[in-house]
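Dropping the structures in below, format is structure tokens.
Each of the next two complexes has chain A plus one more chain, namely chain B in the first and chain C in the second.
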Partner chain A sequence: MPKINLNELDPEFKHRVAEQPGGEGLKACFGCKACTAACPIQPIDKRYDPRKIIRMALLGMKKQVLESDFIWLCSSCYGCQEVCPQNVRFTEVMYAIKNLAAQEACIPPGLTAQRSLLKKHGRLYEVGEFENEKRLKIGLPPIIEHAEDFDVLLPDQTVEKDPGHSSTFHNS
Partner chain B sequence: MKKETLIIGGGITGLSLAWELSCLGISSTIVEKAPFMGGHVSNFACKATQTCQKCGACQLEDYLSKVHKAENVDLMVSSTVDSLTQNGRDFKAMILQRKSMIVSDKCDDCGLCLKVCPVEGALFYPAFDSRLYISNEKCLNSIGVHCEICAQICPQGAVELQEKSREVETEVASIAICTGFSPYDPTQKLKFGYPRVPGVITSLELDSILRTGNFQSAAFGETPKSIAFIQCVGSRDPRSGTNYCSQICCGVSIRLARLIKNRYPDINLTIFYMDIQTFEREFDRTLDRAQSDINFIRAMPSEIHSDEDGFPRVVYHGGDETRQMALFDMVVLSVGIVPRDPDLPGSFPGLWKNRDGFIGSDDNGVDAGHPGIFVAGAAQGPKSISACVSHAILAASQIKRYLDRTMRGE
Partner chain C sequence: METLLYLGCTVPIRNLNYEVSARLTAKALGITFRDIEEFGCCGFPLKSLNVEDMMVTAARNLALAEREDLDICALCNACAGTLNEVAHQVRTNPEIREKINRRLKPLGLRLDGNVKVRNYMRLLWEEIGIEGIAKAVTRPLNGVTLAPHYGCHYLKPSELNVGFDSPEVPRTLSDLITATGAKVINYPSLLDCCGGGLLGMSEEVANAMAVRKLQEVSASGAHALVLVCPFCNVMYEGQQKKIAKSTGIDLKTPVVYYPQVLGLALGMTSEELGFKLNRIKPKELLEIVEG
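Our next item is the complex of A and B:
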């Protein structure tokens, strides 16, 4: 079992997660493992263990949680939420954690690429002449990209760290 | 004749309260809805192995025989309180009694009435008795539907149906609510498969199987080889509205498991738990002894489903960080205590319910908030059998005090 360095823990982290919309239930966890037993991801990737993620968040292992790539593995199936007796609403907690990770600029490269595709084309992949010609042949209307809508939603900015909360983040 | 106290509910609390009051010279009437006294405890097995396990189930018979002998206690089975009104300092109660019954001397147990009865559960065998009883709550006559199929088919003429309720009006100086609890309904937990998956039963059902005798005699068929207990089903569960510990289930499951181990040493026993909560004196010693022959797994299963052969399969997260699917012959859901709606007739504005839905009480634990109305036992909050008895003793002392005060005209 890897050792945890207490000096690197952030005692405020659990409060920050609980402040986020959806993160309220975090502190109610009993650690009963029902969520882990219901999760479809956990048998595939052992690192994604709902109970452990909650425990890490409660301990204040901010760096290990936010910088990890496993928090992005959640399939949002709500299976954990369904079995949880304490109403932790773990899928929502996961969204809260991911939002915090985005604030701290800890987004994995795949998601950044998806964002720029969305901004450029209004969808997650480019629809070119080739696809539209094929659609025309089978009598479907062409797809028009409404990239301008997403331009408003995703303004041009590099995702910056929130200066108010980042002091302990990159020092270690 | 006027009685001093009306006790609503003839379970362990009501009976022990009646006895304590009788010792203090206070007369009482117990009104019990079921056709027999005893409530839930009458279905519980004695859980002694070689030594007494202090489950408290035997206290019921003790109190029953004492109360039967007591002169100033009236027992009214198959009765409900229809209305309650304040009358000066006293209360006027209208009790409805409808005593449909099967005369045990005539009944030869042919089972014809059971076959023809249109309502399931209206005729039933309680765990403590081999005689048939008629449930006055479920019998069609109770909702005003005329039905005498059982009486017509009975070759012995043993069924005595009473269509009209007998009305008894009585005046009492104080009221004790001892309506007890309801078991949590596990059908709310769809993932645990009750009653869809064969072999999944509740702890109350297991208790009455063990009370009746053994597994063969129960509808279950043969003796199981492995049994799993799942704790905290409907306890500490805000999603089910039960955000409190039921206090008894850990003790019940461990005692049941040890009783089974004692009777059938070959059965493998597993207990799935979140954490064991102990509310009893010296419970840690019971736990230590149990840990030697029972497998304790700290994990809540996410699902119970039926395998190809129709046995319950429990899905849980094992200690080695892998998902486990374990097959058992029987899975026992250790259901919690939920408040029973006492539907107290009449309006008394002082009465209130606490956060969890149990009847609220003052600091002394038994005053229900209206002068002369008291609450005792599991109606006030989750309690074990012995806790119910001690609560009843406390209630008896407070009722005595109240009656003395009103007698003096304070």
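Our next item is the complex of A and C:
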């Protein structure tokens, strides 16, 4: 990793993370590394290191955190959260960080596609005649979409990409 | 007892063997599953983008259940975990409760968060009990050896599962399997995460997470790996061929759902239990049970 340029740090970043739902525990971290030891991703992809992500967030390395693609590598297994002596609740902190990245329009394309499907159908898979025929054959009741509720429930996405900002996902 | 069956998105489209075996075994054990056709996605896929969107999507289902004054039984670990988490938050945090209800209002729904959410295995464990299941068994699965896989969201976060099972030394699924007369193996990667949550982000990392368990179970001589979650199934059954190919490891681990195993022990046929939809056939297991 290149040297940290103090002028590029954002001292407000840690507060923004902590203000997100689930992000409250971030500032309680005392750096013991239990989270990293418990993480099943870290041995496979060294870029995903919970303690390092916490330090980066606390230091204010907003750009390096939000624009990275490694923040999307959390499998949400809750291993880190279970072992944390400070109750940082790092799995939830990761969701807070990813929510901020989404606000800055750094979103992997698969996730926006899932959201569009949900808004349109109320489910991850569209249910048509084919699916219900298959269900009927095995004696299962049909699945009926109630898509109209989801259009009301989920607002239109208003996130716009910050023009000064590049993300791996958007370039790919 | 009566409960609402919550299917989620994946099970009723991709895992009909899980759904059909859950329905049949519940009926045989005196559990009445009621369907609500309005149930939709649990909200889990939205959590990375916006936690509040996830919460209102979950809350919609919970409010529908509260209106019926019935608990929820889910088949997917991610659904059960998400619905349970949101019920807990809405019940205990007035600020969140108000925020969520403001967004539910246009749908004519309201949520207090008192609805109880359990996955099917927890329901079996708590309502029927191991002894109750053992008593109902008409065809003990003698000679069958099985490897349990709990899945992360079955056990964690443990703060949402107080009084149920231990995230470090879990036993409920092993005991549920033992109640069918089958033998359970313990193995080092028992608690491994399947990696399913990552498949959409990095197939390479996800596959690397699944391989150890598949290899160990394959080498253990167990007749099948027993799952309770369709997300785990995507990795252990759906990805198994690809993983074998990319690693060069010879993997042929049949993957089954717990209610399928239970159904066999309750005397149901493999055909009724949807075994033809299992992609890696548990041939030896079925030969032992059905001859």
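Just so we're on the same page, the second predicted complex is superposed on the first by the 156 of 172 C-alpha atoms of A that agree within 3 Å, B and C clash if a C-alpha of one lies under 4 Å from a C-alpha of the other, contacts with A are read in each partner's own complex, and residues count from 1 in each chain.
Here is the rule we go by: contacts are C-beta pairs under 8 Å (C-beta built on N, C-alpha and C of every residue); 3 or more make two chains touch, one makes a residue touch a chain.
Keep in mind it's a predicted model, so treat the numbers as computed, not measured.
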item	value
Fit or clash - chain C, chain B, common chain A	fit
Comparing the two partners chain B and chain C, which touches a greater set of residues in chain A	C
First, second, both or neither for A:82, with chain B first and chain C second	both
Partner chain(s) touched by A:46 [first = chain B, second = chain C, both, neither]	first
Which superposed partner A:4 touches (first chain B, second chain C, both, neither)	neither
Chain B versus chain C as contact partner of A:37, first or second or both or neither	first
Computed vertex angle (chain A) for partners chain B and chain C, CA, steps of 10°	80
Partner chain(s) touched by A:136 [first = chain B, second = chain C, both, neither]	neither
Chain B versus chain C - smallest C-alpha distance in the overlay, whole Å	7
Chain A residues contacted in one complex by chain B, in the other by chain C	79, 82
Sites on chain A touched by chain B in the complex	28, 30-38, 42-43, 46, 49, 51, 79, 82-87
In the complex with chain A, residue positions of chain C that touch it	7, 9-10, 12-14, 16, 19-20, 23, 35, 37-38, 40-41, 45-53, 55-57, 60, 96, 103-104, 106-107, 152-153, 156-158, 167, 192-193, 195-198, 200-202, 205-206, 208-209, 274
Chain A-touching residues of chain B, taken from the complex the two chains share	191, 232, 236-240, 274-275, 298-303, 315-317, 321-323
Chain A residues within the chain C interface of the complex	20-22, 40-41, 44-45, 72-79, 81-82, 91, 95-96, 98-99, 102, 107-108, 110-112, 114-115, 118, 122-125, 127, 131, 134-135, 138-141, 143-146, 149-150, 152-154
